[in-house]
Each structure stands twice: as C-alpha cells, then as structure tokens.
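Note that chain A is present in both complexes that follow, paired respectively with chain B and with chain C.
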Partner chain A sequence: MYKRSRKGSKTENRNTSNDNTYTDTYGPIPKSVEDVNARLSEIFSDCTDFIQREISCGKNGLIRILVAYFDGFIDKRVLNQDVVHPILDFFSNTELNESRSIYCRLKECVVVNNDIKEAYDMQQAVDGIISGEALLFIDGDDKALVIGVKSPQGRQVEEPDTETSIRGAREGFVENLLTNTTLIRKRIKNPNLKMEMMHIGKQTQTEVCICYIKGIANEEIVREVRERLKKIKIDAVLESGVIEQFISDSRLSLFPTVGSTEKCDKLAAKLLEGRIAIFCDGTPYVLTVPYLFIESIQATDDYYDHAYFATFMRLLRIIALLVSNILPGMYVALVSFHQTVIPFNLMITLASSRHGIPFSPFSEAVLMIVAFEFLREAGVRMPRPIGQALSIVGAIVLGEASVAAGIASNLMVIIVAITAVCSFIVPPLIRATMLLRFVFLAAANFLGFLGIALSAVVVIIHLCRLRSFGVPYMAPFSPLTVSDLKDSILVVPIWAMVTRPRVLRQENARSTRGTKRQEVKAKH
Partner chain B sequence: MVKTQISKIQLFMLLLGFLFGSTVIMTPTVGAKNDGWLAILVGGAAGILLMGVYSAIALLNPSKTLVDILMERLGKVAGNILAVLYIWYFIHLASLVFRDFGEFICTVTFPETPMIVVIGLFAVVLLYAVNSGIEVLGRLSELLVPIIPIVIFIIGLSLISVHDFTAFLPILENGITPVLKAALSFLTFPFGETVAFLMVFPHLNKKEKLKKVVFLSAGIIILAGTVIFFRDISVLGSDLMARATFIPHLTSLLIPGLNVEPLVDINLLIGGGIKISVCIYAASKALCQIVGIDDYRTMTGAITTFCVVLSIWVHESTLDLFSWSEKVWPYYSIPFQIVIPLLLLLLSLRRSKSSNKKEKSLKG
Partner chain C sequence: MILRNIKKRTIIVLVAIVLIFPLMLTGCWNNRDLTEMNIVVGIGLDRTEDGKVLLTVQIVEPASVQSVPSGKDNKGNAQSKAVFVVSHEGETVFEAVRGILSTIDKKMFLSSSRVLIFGERLLQGDLEEVLDFFHRDHEMDYGMDILAAKDTTPREILAMETDMDSIPAVYIRETIENTVARGTVKKTTLVELIKDLESGTRQLTIGKITKASEKEVRTEGVAVLKDGKLVGWLDPYETRGYLFAIGKVQSAIVNVPTDNGKISIEIIRTNGKVGVVFENGEPSTLTIKVEIEANVGEYAGKGKLKSQDDLHVLEETLKEEIKKEIMMALEKTQKEYSSDIFGFGIYVRKYHAKYWKKVKKNWNDIFSKLPVDIQVDAKIMRTGIIKSTMSGDE
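Here is the complex of A and B:
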C-alpha cells in the first residue's frame, strides 16, 4: 500500500509539472465571432492543420457563423453536405423569426448531422475540436455546437496476425475505437451491452471504453474496474498495455492477470461469460478482466469443434506448458544428479551423445536456449523479407553445426527444439515461461529434482496467491468450483455448458489489497 | 472484520495432506510386523474417535481457536501455561517433520549435501506458503494433495507383478501386545497430531460440515494406510520390512525396469510441507494470540528459523530419530493429544449443558 501511494504521488508530481500545457480551463466562450476566432487562433497557434472559416449568410450577411476543425481529422464532404450547405440554403431562403434564436434553429432543424453536442465553455469546444469534431459558433451566443463528422479513416478490418484460428470469425479489431465497439455490437444485439467512455492520459486524452453486459457481468467488478481506471494518472496511453500495467492486481507478477485479445468473437464470448472488456483508442488489443490462469489454455476453436478434440487439445496445451517450463531443467537434473532414474539403454545413448562436449549440461542448456531466444527475438524485430535467411541460419546453426562442432549434444538440440515448440502453444504465457525456464534450470543445476520441485512449489504458491479483480487466479481448480470444471481441462459439448462461469459471480470482487484496507478501517 | 475462510474441500485436502505427512516415507506400525494392518485398523478407529473429539471441541466453541478455548475453560494462568506448552508441541512437531524430510533426502537422494541446506531451502519455501495465509494454504493443498494418492496408486499398480499376497500371514503371531503398541503409535502419529487443526477449524466457512470432513479424511487415511501396508509387505516380506529405514521408498525401488524414486520425494514434499506449514501456522497464530499481536505473520519467520535449528539439533542421527519417534513420541504426545483435549471436551460439554439449562429456565 505504501508503495502504491508513493507511486501515485510520484506520477502526480510529474503531471503537475507539465500541467500548464493545455488542461487549464479556457473560460467561457466569447460572444462575438471575432473574439472566438482570436481565442481559437491563440490556442491553436502554430497548428497549421487547424482550419477556421467564417460564414456570413442571411440578408445582408448579418448572420455570422464560424466553423473550426482540424484538417484531415474530419470528413470534409460530410461537413459540407450536412452542415455548411444546409445553413447557407436555410438562411438564404427563410425569413428570420425572432421568437427563436438562430442557435436553436440551427441545432434543431438545419444541421442534418445527428451527432450534435453543445459546448458551454471554451474547454468543451477545444475538447471537441481536438477529438476530431467540427465546432460551429453563431455570433452573439455564448454556446457552440460540436458536430461529430469524424472521418472513418484507418486500417480496414482484417484477420489478426497474432491470434489465428482454424475455425471462427476472421475479423479482428482495428485501431479505431468506434469500429471496434461496432464489431462487438454487431455480435451481441442486446441493449444490455453497455459501453462507458472515459478519457485517460493527461496529454493524449485517449478514449477508453468499459464494455460489459448488464445482468451478466458482476456489478462489483465493473465498479472496481471503473475505480481503478479513474485512479490512473499518466501522460500518455498509447497502447492498452499501459492500462493493463496500471490495473493489474499484482504488478510485480510474471503472470498476466489482465487478458488481451484481437479477435472479435473471442471478446464477445468473454463478455457473454460475464467478463468486462476495456477498449482503448489507437490499439487493436482489447483488455478483458478478470483474467484467470485457465484462459491461457482456452482457444476459440475449442467451442466450435467437437468436444473430444477440444479436451484433447486442452490436455496437450497443459502438457506443453509443463514441458516448455521444466524440460531443460529436467534434463540437467537427470544428467547431473539422478543418473539412476534414467533407463540403462537410454543412459548409453546419452553418454555417447555427450561424449566430448566441453560444457556442463547446465551451461550447454543455457547456451542453446539463449541462442534460440536470440533467433526468436530477431524474427520478431527484423523486416519481414529477411525472414528466410534467418530461418536458414537458425536451422543450420542450431540444428547441425552446433552438434558437428562439438558444442552441444544431439539430445540437447532435441530438448531445446521441443521446449521452443511447446512454448508457442500457450501464447499468453510465453513471456512468463521464458523466464521461469531459466529459474528451473538454475534450480535443477543446484539441487536436481528437489530444486525443480521446490521452485515449482514456489510458483504454485504464487499462482494460488494471485487474484484478478478479486477472483482467485487458479479458479476453477483451486478453489475448486465443480460446476466450472466443464470448461477447464475437460471440455463438455456446447449444449451441455448450461451455466455461466460461477467464479466470476463472486460477491467479493475487490482486490485482496482492497479488503485489507477495509479490514484496517473496520478495526480502527 | 472480514475473516479469511476456507471451504470444506480445502479443509479436507489440508487434513489429508497433514495426515499423509511423513507417513508417506515412514510406517508408524512397523513394530507390529505382519500384524501392522491390524494395528492400522485399531489405531485408525481410535484415531477417528480422537479426531471426533477435536471436532466436537471446535463445534462446542464455534469460531474460537485452541488458545481461546484453553483460556476460557481453564482460566487465564493455566490456559496460558498450556497454550505455551502447545506452541512448543507444534514447534517440536514441525521440526520433527523437517528432520524426517532432511534425513530422507540426505540418506536417499543427496548423500553429500549438508542437511541444513536441504531443510533450510525447504523452510524458505514453506515460510512463503505460510505467510500467504491459511486461504492460500487451502488452495495450495487443493492443487497438490491429489497428487499423493495418484502416486501411491501408480507405485502400487506397477508392483502388481511382484506381489506375494500371503506375506501378512500368520495373524497375531506374537500376540496382541505389539499390535496395541503399534496402534498407539499410529494413533499419535498421525491422527493425534491433528490437534493443531484446532487453530484452523475456526476458518471453515460451513461449520455443520466439519464432522463429515474430519471423518472422511480419517477414513481415507486408514484405507490408504492399509493399502500401503499390504503393498509393502507383499512386496518386501516381513523381515525386510522390519529392517528397512524408509519402507515405502524401498518398495518403490523394486519396480522392475523403472525408477520412480523422485515420485516419493514429491509425495514427501507435499505431505510434509503441508504438515509443517499447518504446524508453523498454528504455533505462530497461538503465540500471537497469547501476546496479543494481530497479525500472525510477524512470528512466522522466527518460528520457522527456530524449527530449522531445532530439527538439526534435536537428534544425533537417523537411528536416534527413529527410535525416539517410536519409543518416546507416543507417550510424550499423550497429554497434548488425548488428556488435555478430553478435559476441554468435558468442560465444554458441561458449560454448554449449563447454558442450555439457563436458556431453558429463561424461556420457562
């Protein structure tokens, strides 16, 4: 708790030092077009993409209107068709009626566009302009209209690269927040699908949207999400990963307690289970909370295909997760401590393959795994067209040359290869596995199987301690929730999954930290 | 105050892990030789009764720990003294299990590693577990304890070809006395040791299930104990069994063409770990209650360190440890496991009867 408060104050300090950038209130809107024009020019000085235009219309050009927007941010054609053209038409054809102000007329019957808001002070007007809306000011009023004519530019909806599936929707999220929420609305046609917008980021004012299905999602958790998002004090939110780090229950844990996905059907399924989604403008990765351990071995395909295959796949993934974590450690423990456990025939093969290797099993394993991690990282960072060269080099160096040169044994190459393949089977845990593998290796080199077992117990204790928005991370295994086991390692057919996950409906949705604080309060 | 709670499954698993404890490497009924199964049945029956007494105490004093009960029933001075003695008993128990673990690992797997390293590392891991709270311990046992019976099952099945099913005959060759003695040691190790759970029972979220959970876990242990006994004796024969140090481990070594030694290690790690964690938890909680500290975590570090030191210091060798746990431990435990709990039960019963009468008279 101490840490959190200290951190909070630190960020606050950082922000207050930069505070005068724009967040100062700009006061009320001046009544005349000239003043507004001057004021806006002052605020947006040196912004060459900022455009203001004065329109004079009506008889004798007495009615003066100011339109202001950012070039490229809005759809000019829509602006002209829906706003400027009707205004010019209207005032050239109609007599002015004094009983109703021009402002009301414009708002109610002239502007064709449906998305109209009112700005009562300069702050709201500026907010509208910078978030891609057009400002419409009529001379003599102290209010302005903010008209949503944002241009729908950005990437097309396409299949996400990071999450592929054999069966299921190919649509993935894009950078545009509205497109993303629409994709979900299209899938869940229900007025109970709620979207709550908020702005996070002192400089970027990024739009963040909490999405949940009322009646299915746990209200407590929704409230907790809202509170945690409100507490975020930061300059910029460029990716949902920033939010993830702020709202995670355990900020120092290796394991993810906030999920992220790029696939629409996956997110829809999560929402329908009672989870809460957090959209963030500017990134295709949508966060889901609470995120449990079991979700990392679930895939959308599991539910679209026959349950037998899904169960088999789940088993495979669990085994792969174990293998990718402890296989190198196991090998080292076997070779350096527990030779008696190895069957005799394998022992001979092993001894002959290790013959002439200058390194200890541990350094051999570390060497090969690090070499593999180099290749993997290079594969992610380098430009795509060079990929082939890398894979050839990798295959030759890791597979052939290292053995031929007498640096690594054949068995070690196989073990690193299997470990590497297995680590890609459970994508959400790749990063955790990558580090844990070395921990297990070191423990195995130190104490053999006992070391592996002890460090595994530490990891399991940690997993049992973790919570995601109040829900125990290892649910439904521990605490055991029998009704939720239908979608764990065993997958029952979709027609038999009649209940929603019960763990998400827990009454106490607050984090462990939160309850502790309450306890302390209650005591005093 | 929000109370940490554990579910009935978690308590069941904790009890199971605790009862398996070091029994996965040591057989307390070794003195009865062929008639060990009789000793297990007799001792187990008595053990169920004893655990029934503990749960009855817990039910008569709802949401009170052992220390509270002692203070309430025996007065402040006597209660405090007995509570301190119990803390000593829990610490001693934990250090014995530590020593069992260390002896086993150092005898079987790592003959050249100093025992303090093995025990110390184990203690660090357990300290982390205990400091995570009883809730986490419950969840942990839910994940890990099911491994123990699976391993026992695997070892039993792989030995199916080397069984000699008549090895336990003849029955009562040496008369009934050794059986009763072995039954006493089976009663005090592991059943009587569950007295430490009087510090854990108040956390159960559904009190009415307590008896069921306790009896079920005791029953499963008796069943498992019998199965393990028959497995061991039909594989080893009674002579070898009487001479072996770690009987289940020796049995597992006899599996043809396969070495599953690490599986026994894992069983000991889980069972012993849960036993030690519960003991340390009970000891530190009790100590904190006596001196009036709110958070038991302030004491766990000190108590664990003490246990580690004690475990190294208390016995000279494996043989010393074994003869001590066979000859002294049962009698040393009797006051803690049987006499004081029975006293508490009687006092609680009398109190509840009198309070019932009062209520009735009030109503009347």
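Here is the complex of A and C:
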C-alpha cells in the first residue's frame, strides 16, 4: 500500500512538471560502481553533506559495493552495524557462490536491517537518498538497495503549548511524521486504521499522510480528501496550514473549515468519530476534516469529566463567543443610540465614566481594541524573556494611564478586557472573532442594534451556507440533526453517547448545493 | 443550468432586498453620544400667572454624581453639585422644552426622567393639554412617576437639595416606593395616567408631594381630579381607604384599639373589588369588597392573645377600622368632590354597556348619590413569635 501510493504520486508529479530539474528522469542505474559514483557526484555536486563510500571485499577485493547517503540524515551506527559490518564479515568468510547474484544474497541474507526496498532506476535511487535513506549499489547490477536507517531526530514528544487541558493525555505531536503516526497507532490498535502516504510540494516533496479508520470514516469523504490533496500544486509545504488553505471548501471564508490539533488524544477521538486526519511532515499540527462549527467549542476535557460540567462549559464557551464578538458593538450601540433602554442607575454610571472623553464611543472602542491587538501580537512575536516587560506596559498603559489621562473611559477598558478574555476561550475562532468584532462595531456605530442584528444575520447566513467536505458546517443545528445534539451545547454522559455523529456519515457526503439540485432534476 | 442561475440570482436579490429594507425603517437614526446629552432626571410643569407653561428640569452632572476617581474632575473643587435646575416658559410644553436649549449646553434627554411633578395651578386648568406632548413624544419613559405638588411649586421641589441622595429626583422616587409600601400614596405612572385619562371611566388621582422641611419632601396622600381638573386632596388615611377599595394596598400598618391598649396590625395581602348593584336597569347600590390577610405586629399595652376567640374579636375590629377608612374616602369623593376615582364607572361600562352610554356624561353625579355597601373580610394569619405582651398579666 505504502509503496504503491508513493509510486503513484511520483509518476503523476513527473508527468505534470517539466520546469523542474529535480523531477527529470535520470535514466537507469549504471552497472559499474564507478559510473554510479560519477553520476551521483554529478547530481549531488556542491553538496558537502553527501557521502559516498566504496567498499571492496571478498577475495582480492573483487566485490565492490557503493554506499551513498546524506550525512546526519541517517543513523551511522545502525548503518555500520546492520549493513557495512555484515557485508564485510560475510564476504571475507564465505566462498563466492556463482549461482546467485551478490545482489540477491545481500538483499536476502546479509543486510540485517528490515526496512529494505529496491530502486530500479536512478530516479528512485536519488529519491531514496534525499529522503534520508542509505543506498547500496553493487557492482554489476542495475538495481540498488534502499535501506531505511533514518536517524530519529527532532524534538521529544512533549505537552503541546497551544492546547492544554486539565485532564487527558499530555502527549503532543512533534515535527517528525513517523513519530506522529506511531502516537496514533499506539492509541488505536486496529488494522483498520489506514495511513496513506503521498508527497506534496515540487521542491520539498513533503510527506503527507491521510489517516482514517476504515469502516468508520465515510469513504466518499476519504476519496474527496485524496483528490483534493492530489490537486495541490505548490513548490513547498512547510506547514499543514498551506494544505489547509488549498483543501478548504470556501477559501475566502473567515471561518475555519479544516481543523488542526496538536493533541494525540484529541486526534484519536476525531478519527474514531469518523473524521479524517492529514499528517504533514515537519509540523506538529495535524489537520482534521470535515471540521464543523461545533468542534470549536468542544474540548477533550468535556468527555473525561462529568456531563454536567461539560454542558456548563459548553454554554460558557457559546456565551464567550458571543460576547467576544458583539460586546464592544453592543456598548457602542447602547451609548450612542439606545440610551432609552439603559437602566437609570447604569446610565448615570455610564455617563459619568464617559464624561470628558474626547473620543466618540466608536473611536474609543477601536482605539482600545487595536491597542490590545498590538499587545497580543507583540506577545506572540517578541522573544520570551521580554514578555514580562510587555505585560507591565500593557497593564499600566491600557488599564491605568489611558483612563487617568482621560483618553478612554474605565468602562471601555473593562469591556475590552472582557472581550479579550472571552476571545481566548474559543481558540479556533480567535482570528474570525478578531475581524468580526470590528464589523459588528462599525455596524453598531452606523445603525445601532439594528446594525448588529443585520450583520449577525449576514454572518449566520454565511455560516449556514458553509460546508466542510460536503458536510454542513452548522450541523447539527442546521440542518437539525436531533441525534447529534447529544454532543453540541448539551453534552450527554459518555455512556449515553451511543452513536457516532450522523452528519459525518450521510449518504451523499460529497454533495455540494449543485449536485443536490441535479439529483432533483434527474428525478423529474 | 440557466434555471439554476436565475434561481440563485433571485435568491440573492431577495436577500439583499430583505436586508436593505430595514435600513429605511430606522427610527433612531441619529448617532448621539451620551456625553452630548443632558440627562434629565426630573421634570416639573406649572403655569405662570398669565397662563403660560412653566417647565422646570433637573439635569444630572454625571461627573459629580459618582466619586469614582476618573482623573478629570476639576482639581481643588471639593464637591460640585450633582444636579442643576433650569426653568423656561413657553406657550406649549414643546416650546418650553425647546426653549430651554437656549440656556443650557447640550440637548436634553428626557426619557431618563424619574419623576414628573405638576403644579397646583396647572392642575386646576386642563391636564390633557399638557399631557399631549408626553404622550406624543417618542422619547418619553412611560414608567416615570407622576406627582402633584401641594402648597409648593414643582420648581421649588426640584431645586431642593437633599442629603439622602446626590440626585434629588432619585430621592423623591424612592420616597414614593416607601410610601407605597405604607399604603398612603398612590403610585401613578405616566402610562396609567394617560390610560385613565383616555378611557374617561375612572377619574384621575395623582400622588401628592409636599415639602416636609428644607431638605426633605413628603409623598403622602393623593390629589383628586375630575375631568382633568384638580378638585381636592385626600389625606393619608383617606388615601389608604381609597387604595383598600381598589385593591392597591401592598402592605400597611393599621392600628386597632383594644381594651388593654393598641394593636398594630400589619396588612400583608389585600384584594379589593368595586361593583354596582342594578335594580330595574338603574344602579341602586355601590359595593366594595375587600379581603385582607394580616399579621399582628405589635401589642402596645397589657393583654394577651390567648385563644382563637381573641383573634376573631381582633379580626372584627380590624374590619371595622378598615371599613371606616374606606367610608371616609368614599364620603369625601362623593360628597365634596363628586369624582368617581374608584372606577365604579369601569364596572358599569363593562356589565351595563347600554346604560353606560346614556349616563356617561353625568355618571359622577349619579355616583355621588348612590348608597354604599362595604364588605370587609379580614384574616389574622400570625401573631408573631410571642403569645403575651411583656407586661402581660397572668
């Protein structure tokens, strides 16, 4: 499976791209080791980390073998122990038997390593070398052995910084693809857990792996994912975010229709619900599709804790989402349009806090929110040790000085603070919220509550129109799927959550609005 | 394909229309900041001697209301006044409202007004004339309390300073709440006033406000109006009788004399209903039915509530006491003012519509001449946690 899919993707790459020297065919593997050596030196000229070693062994040094690999990419100790050492041992002790080729013997009984593939032409050989495997060329044979002795490099598995939970597995994904797939395999011990590898990126040839559970995941969605991934034409895939942008259903939407996670247990849960994961080498962020709106307010803790608390938390998150979107807009609408609905005592408080502020509520709100966004972005970008200085500046400048200087009212500071805190409660939607907040604010300044209502209508219509790999984004609310409501705002205890999400397994998963119509037409 | 496109386009156009139409429906188009308004907390209306409307408004100075350190207070100035009072004359209320703008800095925001106080002279004229503006204006808070000033002018009351609350209008409103709990003032909101005035079946009553001292007001009693004109006042006890009859008493303390002293009884629940008995198509008697639940609050004197019988006796005296109060109110309105503030007219209109049409104009005269049948049903629920008085003789 692994090999086939790899080959498939490669041939396609080769057929489609002509502008790139790398994907040109290099022709067959020369029989003579000297020729191979020369050919490789030519291909990998100016690559100082490229290492070739010729071994002469057997009687009179008649058997000549060339080992080629990239330094640092492979585990040299393993290479010596499993490959070079046995070869030297074997040929110095054994009489050369002419009945079988040296190549077959090497492959079948000399090389200790289990992960052996064959390269039939120069192209495959070069692919092997650049993806970190050791190549074994034998004088007199036009095939080469590809030996997987990749050294396990990179970060240790540790707790992800971006997604923390009080209860649950602490393991997070790392940059290494194989480590990541292993983490999932360890959790789902099931032969139906399928991993399909492919390479994306003309220059980077990044390994991408589609992972799903056969029998649980909807086959049509899997096929759709495969097709969309194949269609990606790009030079480099350095992060799964690149893939995300290519495979999103509506690429212009503010809302994410592809999920990403760093947590192993979260991904395992999503796979078990029938979702499909897309691993990408070089990043700890694993994509999940289809991604629905409701997932943004779900957290792994919800399922490990009692259902009462989970339900309360969901409610809290929904409220926080609303608050972080419309609170500044609401405030502006109240203060500049609908003073009539403010309770009297609050009104006096409002008026006294606004007294002497030189800005209109709208500009005051924009000012404070932008100042907060500055702080937030600075907090992300700047080197960690300076962090403290920033938080002090933020607290003093935003909280105290601006009020004392009469630039902002203290109520506005509170509102911006609440808004900011709330926006961090639903991390997947932080970016959407950040922009929508300004939309609501502008609408409120223009038309008051009516403006907020109108923009909310637009946003809700947009949300209901969105689809993620054919699955309605707002499911289970729109279309209403009663059986899926068990894991929406209401969370039923885990023993009562008997069925998997129905929306993910609907018959016509690939349907967009168009295909549905065509069906209707066909019936008539 | 074409069909599909057309359909899609139609939907987009429809949605666009649906979204655009509300833009034209905006009632409150103006974006107006809170800091660009004068927040009015109290309105006073009176007539000058030459018949003009005299409008007085109490306006809040938000910065000095709260002692929140917002850093923009004038330094050195200890405590500036929280409110200022402005008056203006005009031919109509609206003219006065606009005219005031020539003396103050920002536009007035009237819907935050807590109280609307009418002067005696204004009430002697036609109330309907001035109420029209409050009814017509879209920015009015229909829940604001209406008061009638006795022996003083609205301006005097609004200009009073009080130590209770930094905003006098709020202080006034709160005294009303308290007095309502004692059952001695009728809380009249703007919307009730307008409703009663328009239906014409019940004569108006407005809570009375007087000056208690230099810094205090008293809200007790009601002003009785007849066809929108002031005809007289009811004192606190008469007011309570009136409120018992129409079932508006929330709680009250009624003193009942006994052999060994006085018992204060706390009324906790009342229900009052008025009606008219008809004989041969003509009204013969006015009926008032009152149900009362009460607790014994205090026994001042020597004595003991020993048995059920004692309580029954007490209930009987309480009934008499309340009947007396209702009688007082009724007699005054019948004999002196000839104004049906109880709403017997509502009953007649409801159940004897034909007859009502005939007598609508002179119902008050008929009302004044009818005999009354008052039935009070009182129940003493609890007597507190002690049985006898402290000096009770055993």
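The rule is short, and it goes like this: the second predicted complex is superposed on the first by the 492 of 524 C-alpha atoms of A that agree within 3 Å, B and C clash if a C-alpha of one lies under 4 Å from a C-alpha of the other, contacts with A are read in each partner's own complex, and residues count from 1 in each chain.
Going forward, a residue touches a chain if its C-beta (ideal position, glycine included) is under 8 Å from a C-beta of that chain, and two chains touch if they have at least 3 such contacts.
This is a predicted model, so every value here is computed, not measured.
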item	value
Clash or fit, chain B versus chain C on superposed chain A	clash
First, second, both or neither for A:322, with chain B first and chain C second	neither
Touched partner set for A:450, first chain B, second chain C, both or neither	both
First (chain B), second (chain C), both or neither touched by A:338	both
Partner chain in contact with A:43 - chain B first, chain C second, else both or neither	neither
First (chain B), second (chain C), both or neither touched by A:198	neither
Chain A residues touched - chain C or chain B, whichever exceeds	C
Which superposed partner A:478 touches (first chain B, second chain C, both, neither)	first
Partner chain in contact with A:460 - chain B first, chain C second, else both or neither	first
Chain B collision site on chain C, chosen from 2-10, 38-46, 272-280 or 308-316, when both complexes are overlaid on chain A	2-10
Chain C-contacting residues of chain A that also contact chain B	337-338, 340, 447-448, 450, 454, 457-458, 461
Touching residues (chain side chain C, partner chain A) in the complex	4, 15, 19, 22-23, 25-26, 28, 30-35, 37, 39, 41, 60, 62-63, 65-66, 68, 70-72, 109, 111-112, 114, 139, 141, 167, 170
Chain B-touching residues of chain A, taken from the complex the two chains share	337-338, 340-341, 343, 447-450, 453-454, 457-458, 460-461, 464-465, 472, 474, 477-480, 508, 515, 518-519, 522-523
Complex interface listing, chain B residues touching chain A	1-2, 7, 9-10, 105, 109-110, 113, 118, 121-122, 125, 128-129, 132, 136, 138-140, 142-144, 257-259, 261-262, 265-266, 269, 273, 294
Chain C contact footprint on chain A (complex, rising order)	335-340, 344, 347-357, 360-361, 403-406, 409-410, 445-448, 450, 454, 457-458, 461, 514, 517
